[in-house]
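Presented sequentially are two complexes of subunit A, the first with subunit B as partner and the second with subunit C.
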Partner chain A sequence: MSAPASDARERSWTSAVRDHVAGLVPEGQALPDRQPAYVSSWIYVFGVATLAALVVVVGSGVVLAMGGAAWWHTSGLGHFVNSVHLWSVELFFAAMVVHLWGKFWMAAWRGNRGLTWVTGVVSFITSIGAAFTGYLVQSNFDSQWISGEAKDGINSIGVGGFFNVLNTGQMLLWHVTLLPIGVGIIAVMHVILVRRHGVVPPLDDEAEEVAR
Partner chain B sequence: MGIAFTAGKYIHWGVVSISLTNFLIIVGMIVIFALALVLPFPGAHQQQPQQHKPDEDES
Partner chain C sequence: MTTTHATLRRTPDSHDYPTRHYDLVKEFVIALAIMTGLSLVLAGIFSSPDDKAITMSSWAKADPADVVATATGELAGTTTSATYGAPYNHASEGQSVLGLKLQKWGGVGIPVNSADLVLQPLRAVSGNAALTQALAQWDALPAAQQTTQATAYADALAKAPDGNPAQVASGSYGPVPVLTTSFLGLASSGGLEGSLTSSGTFYGTDQTRAMLLLSDGAYLEDSAVADHLGGDQWGMMNEVGNYPGQPWMWLYTFWYQVKPFSTSENADTQVWALMMLLTLVLALVPWIPGVRSIPRLIPVHRLIWRDHYRRR
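So, the complex of A and B:
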C-alpha cells in the first residue's frame, strides 16, 4: 500500500513544482551572506540599488493608486507621493543604466550567463514601456503633448492598431497592471538567474573561471 | 506662453538636441560610473579571498 502512495506523491504536480522551485538556485545561494572578494566594489552595488528603487516605485505607486489618478493635483500629500514615485523611477533608471554599463564592460554574459544578460535587457525595455505609460497618465498638458507626439511614433512602427496611446484609461491600466507585472516577473527571473550562476567575476579572473 | 518660457535650456549640436538638465544627468551618471570603478569599497581590505562556485552544483 505504501509504494503506490509514494508513487502518487512523486507524480503529483505539487511535488514537481516543489522540486523545481527548490532546484532553482543551489542550496544556500538564495539569500547568501557571503560573496566572492571581487564583489567588494562599488560597481557591484548598482544592481541591488536598482532593486531597492523598484521597491519604492511599486510602493509609492500602490499608494497613488489608492488616491486615484487625479489625487496628486488636489492634495499636498498626493503631490508628495507622486514626487516620490517620479524620483524613485529616476533613480531606478539611473542605477539600472550604470548597472548596464558595468555589466557590459565586464562582459557579464560569460560563464553560461547569457540568459541573465537577456532577461536584464528585456527588463530594461519593459521598464521603458512602464515609465512611458506613466508619463501618459499624468492628466496634464505634459501627458497630452507626450501622447500626441508618441501617437505618430507608435503608428509609424505599425503597432498603433493594437493599442492607443491617446486612450488615457487604457494606458493607465497598462501602467498599473500589465507593465508592473511584466517588470516584476522579469526582474524575479533575472535575480534567480544571478543567484543560480553567481556574480560574474572580473575579466582578469576569466581564465580561472574557465578552468573550473 | 508661461509653459513655453519655463521649458528649459537646450543644447544643440548638429542633429543632436538635448535639454541641459538631461545632459547634466547623463554627465553625472558617467561620473558616478567612473567613481564606482576607482573608489575603494568600505571594508574590502578586511575580507579574505574566497571563491563562489554555485555552477558546480549544476549538471
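So, the complex of A and C:
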C-alpha cells in the first residue's frame, strides 16, 4: 500500500524550509501590536533607532554609489550626501552603543537569549569593519593616512596579503557589498531572535528553584 | 549524608505578563523620520571633511628633500617598506605575540621590491640621456655595490643642510644622485601620478605601491601629526579637523597610548590580540560567571523597570 500523496508533499524540501521559516517566530509575534507592560522605558527606543539609522546609512550610501567613487569630491550635492552618510553612521553607532549598554544592564541574555546577545555583538563588530572601510575609500588625505596606519595592524596578524587596506578597489567592494550584506544578515538574525523570544522580563522577577 | 543545594533562577516567559498596546511600525517610522532629519541637519550644519589627497607632485613641491631621501632609501633598501617583512617581502620576521609569528605566517602575498618603486617609473621616461645612462650604470652594478652607493648617498643627504641634494658633500655615489634627482623631477612634473598604481594595466585601482612609497617618506606623517592624527595622538580614531571620526574605536586606540604597548615593537599584534580577546569576552558575557552577574550587583535595571517594580 503506497503512502498518500499529501505525506510526500509534507516531506519535501520546500515544506521543510516553509515550516522552518514559519516556526522562527511564534504566531502573531513577528509584528505584534501589544507588548508586555514592563516594556516602558526610553531605553527601548535605541534598538529601533539603530535600525532606523542603518536605513539612512544604506540609503545615503546607495545614492553615493550611484554617483561613483569620486562624485562627492566634485559635486556640492555629492558632498552633502556624503555628509548625510557620515552623520547617519555617527548616529547609528551612538544609538547602537546606548542599546548595547542598555541590554547589558538588563542582563538581556536571560531566558535562552544568549544567541540574541551574540548576534548583537557580532553586528557591532561587523559594523565597525564596514565603517572602517568607508574611511579607507574616501580617496582623500584622511583615507591616505588611515590606510597607511591601518595596514600595520592588519599585516601584524597575517591577513594583510588577503585583506589589503591599501588596495582602494578591494576596500571599496568590501565597503559597498560584502560588509553591508554581512551587517544586514546579522541584523535580520538579531531581530528575528528578538521577536522569537520576546522582550526579556525584568530582573528580580525570576522564580527561584532549588536544585539538588 | 550531606546534600548540596544550588539556587537556579528561571526567567519567566515574557508572554505570561500583562500586555499593553504598542505600535512597532509607528515607532519605527517616527525613529526613521528623526534619524533622517538629524542626519540632514547635522550634514547641513557641519558638512564632512575632505582634505585633498597628497599627490606625488604636491609632495615633491612641498618637501623635495624628503622625496630624494625617500627614493635613496628605497634604492638602499633601508625604508620602512623595504625592511617590512610580510606581506611585502622577507626582509624581517615581522611582529609576533606570545611567540606566535602571525605576520610571518601570513606569507608574502603582495610582493614589493622597494627599489622598483623608484626604478620602474624612471624606466618609463624617454628622451633623457643622463637618466638612461644612469639606469644602465645602476643595472650593471653588483647588488652589494648598489646598496653601498645608495647607502653612502643616504648618509650624505642626512648630513647635508636641510637634506638638500645640491649641498651634499662629494663622494662615490655612482648613478644614485642622477636617479633620485630624476625621480624628483618626474614627481614634480606630475609624471609619477598613477605610474605605480596602473603600471602594466589600463585600470588602476590598487594604491598599495604608491601608498608604501608615500608612507616611507616623512611628509605624510608630518602632515598627519600637524593635524593631530599621529598614533600617539589618538589618531586612529580621529580624522582631520574637529570631526568625530571613529569614536567607537576608542578602546583599540587607547591601548596604543599606554605602556607596554606604546613602547613595544610588537604593539600592533599585541593590541589586536588583546582586542580579539576582549571581543570574545563581550560576546560570551552571558556565560561568564561573575561578569554576567554585574547587572544584578549594580541595579541600573531598577531605573529601567521602575514602573514595573512600582506596580508589583
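Assume the second predicted complex is superposed on the first by the 201 of 212 C-alpha atoms of A that agree within 3 Å, B and C clash if a C-alpha of one lies under 4 Å from a C-alpha of the other, contacts with A are read in each partner's own complex, and residues count from 1 in each chain.
Just so we're on the same page, a contact is a pair of C-beta atoms (placed from the backbone, for glycine too) under 8 Å apart; a residue touches a chain by one contact, two chains touch by 3 or more.
Note that this is a predicted model, so its numbers are computed, not measured.
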Touched partner set for A:Ser147, first subunit B, second subunit C, both or neither: second
Contacts of A:Arg196 with subunit B and subunit C, given as first, second, both or neither: first
Partner chain(s) touched by A:Pro36 [first = subunit B, second = subunit C, both, neither]: both
Partner chain(s) touched by A:Ile128 [first = subunit B, second = subunit C, both, neither]: second
Partner chain(s) touched by A:Val98 [first = subunit B, second = subunit C, both, neither]: first
Partner chain in contact with A:Ser60 - subunit B first, subunit C second, else both or neither: second
Partner chain in contact with A:Leu86 - subunit B first, subunit C second, else both or neither: second
Superposition-derived comparison: subunit B or subunit C, residues of subunit A touched: C
Touched partner set for A:Val25, first subunit B, second subunit C, both or neither: first
Touching both subunit B and subunit C, residues of subunit A: 26, 32, 34-37, 40-41, 43, 45, 97, 102, 111-112, 141, 197-199, 212
Residue ranges of subunit C in contact with subunit A within the complex: 3-15, 17-25, 27-28, 31-32, 34-36, 38-40, 42-44, 46-54, 84, 86-87, 94-95, 102-110, 205-208, 211-212, 214-215, 220, 223-224, 229, 231, 235-236, 239-240, 243-244, 246-249, 266, 268-269, 271-273, 279, 282-287, 292, 294-296, 298-301, 304-305, 307-309, 311
Touch list for subunit A against partner subunit B, complex: 25-27, 29, 32, 34-37, 40-43, 45-46, 94, 97-98, 101-102, 111-112, 141, 195-199, 212
Residues of subunit B that touch subunit A when the two form their complex: 3, 25, 29, 32-33, 35-37, 39, 41, 43-44, 47-58
Subunit C partner contacts - residues on subunit A that touch it in the complex: 26, 31-41, 43, 45, 48-49, 51-53, 55-56, 60, 72-73, 79-80, 82-88, 90-91, 93, 95, 97, 102, 104-107, 109-114, 117-118, 121-122, 125, 128, 131-132, 135, 138-153, 155-162, 164, 166-170, 172, 197-212
